[in-house]
Amino acid sequence: MSTISVEVNGERHTAEVEDRTLLVHFLRDHLRLTGTHIGCDTSQCGACVVHLNGKAVKSCTMFAVQADGDSILTIEGLSRDGKLHPVQAAFQEHHGLQCGFCTPGMIMTAVDLLARHAQPDEALIRRELEGNFCRCTGYLNIIKAIQAASRAV
Amino acid sequence: MYPASFRYLRPATLGEAGQLFNSASDARYVAGGQSLIPAMKQRLASPSELIDISRIPALSFIRRDGDLLAIGAGTRHADVAASAEVEGAIPALATLAGLIGDPAVRHRGTLGGSIANNDPAADYPAAVLALDAVVTTNRRNIPADLFFTGMFETALEPGEIVTQVAFRLPRRAAYMKFPNPASRYAMPGVFVAEHAHGIRVAVTGAASCVYRASELESALAERLMPETLDTVTVAAEEFTSDLFASAEYRAHLVKVMAQRAVTSMLSSRHG
Amino acid sequence: MTLLGRPIKRKEDFALLTGRGRFTDDVPVAAGTLSAHVIRSPHAHGLIRKVDKSRALAVPGVHCVIDGADVRRISDPFLLAVKEPVTQWALASDRVRYFGEPVAVVLASDRYRAEDAAALVDIEYEPLPAVIDPLQALDANAPRLHDGLSGNEIGPRNFVYGDPGRAFAQAGMIVKLTTSYPRNSFTPLECFVVTAEYRPGDGSYDVLSNFQGPFSAHPVMARSLRIPGNKLRLRTPADSGGSFGIKLSVFPYIVLMALASRIAGKPVKWVEDRLEHLTAASSGPNRITIAEAAVNRDGRVLALRLEQIEDYGAYLRAPMPGPLYRMHGASTGAYDIPNLAITNRIVLTNKAPAALIRGFGGPQLYLALERLMQRIAEELHLDPLDVIRRNLIPPKAFPYRAAAGALYDSGDYRRAVDVAIADGRLDELQQRRDAARAAGRRYGIGYAAVVEPGMSNMGYLSTLLTPAARERAGPKNGAVSMATVNVDPLGAVSVTADVPVQGQGHETAISQVVAEQLGLNPDDISVHLEIDTAKDQWSIASGNYSCRFTPGAAVAVHLAARRVRDKLARIAAKQLNVLADDIEFADGEVRSRSNPDNALSFGRAAGTAHWSPGMLPDGMDAGLRETAVWNPPELEPPDDSDRINTSLTYGFIFDMCGVEIDPVIGAVHVDRYYSMHDAGKLLNPMLAEGQIRGAFAQGLAAALYEEFIYDQNGIFQSANFADYLVPTACEIPPMTTMHMETPSPFTPLGAKGLAEGNCMSVPACIANAIADALGSEDIRLPATPPRILESISRNPPGKEPG
């Protein structure tokens, strides 16, 4: 067991965790932040993407203890004061989600990509989404939403 | 998909890391963990101690030193891909780093972790070999040609930690990869580099371990054109056959990727 | 103002976008709930010699370990749709028949500990020879899976419609083709989740699971648990992470976890991981089809003969063999072919049991049928588009009774094709092909014309019985949909319907349907699609499958809303002193149409039924809650000649595409893809478009990437997403959709199912384009680069492409 101190969505949490606890389980089971999902267990699908110190990472491929001292942003921390983040709003506007299971990881990936590329073209967006599966939408509306958000951000 | 128990240790220095390793029973080092952690979740790896060396500051740097580009073993793929220093010195290396995994994986995965793991289809080993790099550890320097010894095997001894890789700047170079559509692993990838002392061609994702393709090197040494390789036979005997490609198809792709790499290299701005 | 047909934004989105979804794994569980881990067979076939739990039980935190013998003591095998000795319990007890078959369950305080202990359960197997290839399984000497069966085949069943024998004897030409549709799945991103609690007081089970229906599986589960249905309270969650047919197949695990809870005496939760899901959840069945057409010299098809050999894996779980019969009445597709012969053969192999996945039965049928149409054109040196057009059902023929019994409700297939190819689209495709070929590149054009069924007739599966056996069993038919509209004392409207959530946006569409009737805003309507079998309306047909939403559940919602409207009209008429016929619903008011100032607010009118029953018209019940049941009469049982109207609505799709092949690497590049849809009236074009694009991506995945692969010993090779190739945004090409609307006369909304069609059309269309590009007859899906190169080496560039 280790004691870790992590800032999640601006709030400091100190917790006792088994060393083998995956970050995604810490978020979901210990902090009850269930917006971050598990879709593949082997780091392909991206449903578990959160931001670690401002960068998108797969929280199923990291132990919670490794994040000790770090700052984490999850989907729950993205919208402020009940108002959707521009990427979230664009996903709704362009019907970029159906079942919504990939959506938190997809949005966290999109926010990260827009932080690195202010005006991505379609080809770049497609490339940047190579680690995120969506089985419902066929991706087109997701790409449209990210493009629209890049103009709004 | 839940890992077995282990004890997590986070040393502050290389020295401390080595000591922890020596006093542990069955330790593994972890840096980015992008290969090790999935393996642990499937219980294909179950170390008793996990020594996290990702926070050791001395391992993270990118430094141009004459005709060498030294990159700290803890440097993340994303940082290599985005580095102006790397782009200026060896653009093919920046390209390669940007092709590993996906953006989230590149934010975690490290150079040292990749080459120490030596997955038969990993990208970095091809660059290390083709760029005639020297791998520095906490104990010694190891030339690239002696570093990769087999499938998931390297010259590293128990407890040894890669600290940096010094890549030799080529006149020009290119990396071409045929990625597996889902995992993005190379199947195969070919790194071609033209150095003052000759051509080096390294192939990953084809056999059980990255290797230098001597038949391609000698042909290209004669005449550095993609067409030169038309008549070269890439032998498939040692190649992997799996769900996605037979050994013969891999052999075919090695040649095609080598040709495309040469084409790209000849048209590059360093040409 | 009409709300139907408008692209209303989704009610579902806010929660899903902000991480506030309520998926099954997100729901808090009761204190003391145990985590389950399933131990699975490492052999494709073998005898279980011994299960030793002792070492595992010694692990701290482990509560108990359950094996097949424990399960057999307190449960019965699953009921089958066929009366054959294929028995399966929730756990294998004496014999395993596929790699990944559940053999034991470890229950522990958490999943990490359960997996620690799993490695310490000692199970001894005696491996048996396995049979993986369906054709080999048909061999008399093949290893046999089930001792009670005489071989590995169930059936076969022969069907004859019209006089195919004569047509084949007299035909100018016979064109024959064999296709092999691969085994694949559409892998929802959320895996199976089950929470089960046994309640010893009344011997009942309370279960929460992301089950999708059909709820015909509920009696199957209850029977296995040896309880009446009212003691299996099955709930489905508010959100579900996709399904695509797969989440029917969680039902054996519902039984397993229910039994585990009973044995453990505590609630149990199981979350399937991705390896388990790919290995053992479910897949579509692989099918070999031998298709033959008797044709005239002008390409007119006089008769069709299909031999379909479908591989269901190790067990035939109810409602299998659904995919083999779901399309049955529509086996002639979009074509007017009067004579038809079908032989259906079910084969069992040592693979995981196959079941429903999106489009079930359609992709397999259309790969054969549409490839055959192209082959006919090639054999006769005709343009494939001419052959398609010559055989399409003419517009005047609707409603059209197909040879095997499907009653196609409406359509104008010729016009749909004309619209699709118009405005230079076909010209451009042909120019691109000509230019590519002139430059020595390999480019091909493919077409697919597909009839898309919506809402299955629950009687379709009984077609697999002979008429005499059906007579004995009693006729089965229909497709019941149920919905309830409730209005509270202040006029707030809430709706439930028998269609569990899978992500298609049904809450939004339902709110449109109800708001349309009641003159309200869709935002005013609350829709709750969690199902609780103890409290909600449901039937065996309930569920989210076979595109039953628009032709079924949405209609029930519409009818329930109309009843509320009719009742409110009578209430308001009395208070406004007008006739009920003069009442209209608009702008949140119930008012006189002839004098709109004479009005009540909607809430006031509704409140009367709650607060003031004395003011209601004579004989009217108090309260405002209406349940409607919709069961369209067109869904009759199979007749004595085995004709069956397999579905209620039949939409039409015409796809065309251009692909270019990289002859060096073997990669297929989809250059252009067009998909023309006629799904009757669209309730919400934005949602419709979303369904079409999703199905396109899955159809493309089946055509080029996804396949479940077993080695010759039956060891599964595609068990994670590095080995099972799910396309990403990098792989899915752009696609252009087009729509026309010929409303269905058989449903009050005129809307047809539309979400499965591209899963059916795309593999066939891409295969045809590849065949055209390579000049090759034999196209194997998924068309991976090595397979393309193989095909090229059989058909070197010298040969003129077809």
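By letter and in written order, the chains are A, B and C; residue numbering begins at 1 in each of them.
Here is the rule we use: a contact is a pair of C-beta atoms (placed from the backbone, for glycine too) under 8 Å apart; a residue touches a chain by one contact, two chains touch by 3 or more.
Keep in mind the model is a prediction, meaning the values are calculated, not measured.
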**Request:** Would you kindly say which chain has the C-alpha centre located farthest from the C-alpha centre of chain C?
**Result:** B
**Item:** Dominant chain pairing [most C-beta pairs in contact]
**Value:** A-C
**Fill in**
Between the Cα centroids of chain B and chain C the separation in whole angstrom comes to 44
**Message:** I'd like to verify one number: the distance from the centre of chain A to the centre of chain B, where each centre is the average of its C-alpha atoms, in whole angstrom.
**Reply:** 28
**Request:** Quick one: which residues in chain A touch 2 or more of the other chains?
**Result:** 18, 20, 41-42, 44, 130-132
**Prompt:** Which residues of chain C are in contact with two or more other chains?
**Reply:** 112, 273-275, 721-722, 726, 728, 730
**Multi-chain contact sites of chain B, meaning residues that touch two or more partners** = 1-5, 42, 182-183
**Request:** Spell out the part of chain B that touches chain C in their complex, as residue ranges.
**Result:** 1-5, 42-43, 178, 180-183, 185, 243-246, 249, 252-253, 256
**Item:** Sites on chain B touched by chain A in the complex
**Value:** 1-8, 10, 30, 33-34, 37-38, 41-42, 50, 52, 54, 78, 82, 101-105, 107-108, 182-184
**Prompt:** Given the complex with chain A, which residues does chain C contribute to the contact?
**Reply:** 9-10, 12-21, 23, 25-26, 28, 112, 186-191, 239-244, 273-275, 502-505, 686-687, 689-690, 693-698, 720-722, 726, 728-730, 732, 734-735
**chain C contact footprint on chain A (complex, rising order)** = 18, 20-21, 28, 32-42, 44-45, 47, 74-76, 78-79, 84, 88, 91-93, 95, 97-104, 107, 125-127, 129-143
**Message:** If we count contacts the way the header does, which residues on chain C are in touch with chain B in the complex?
**Reply:** 111-112, 115-116, 119, 273-275, 664-666, 705, 709, 717-718, 721-728, 730-731, 784-786, 789
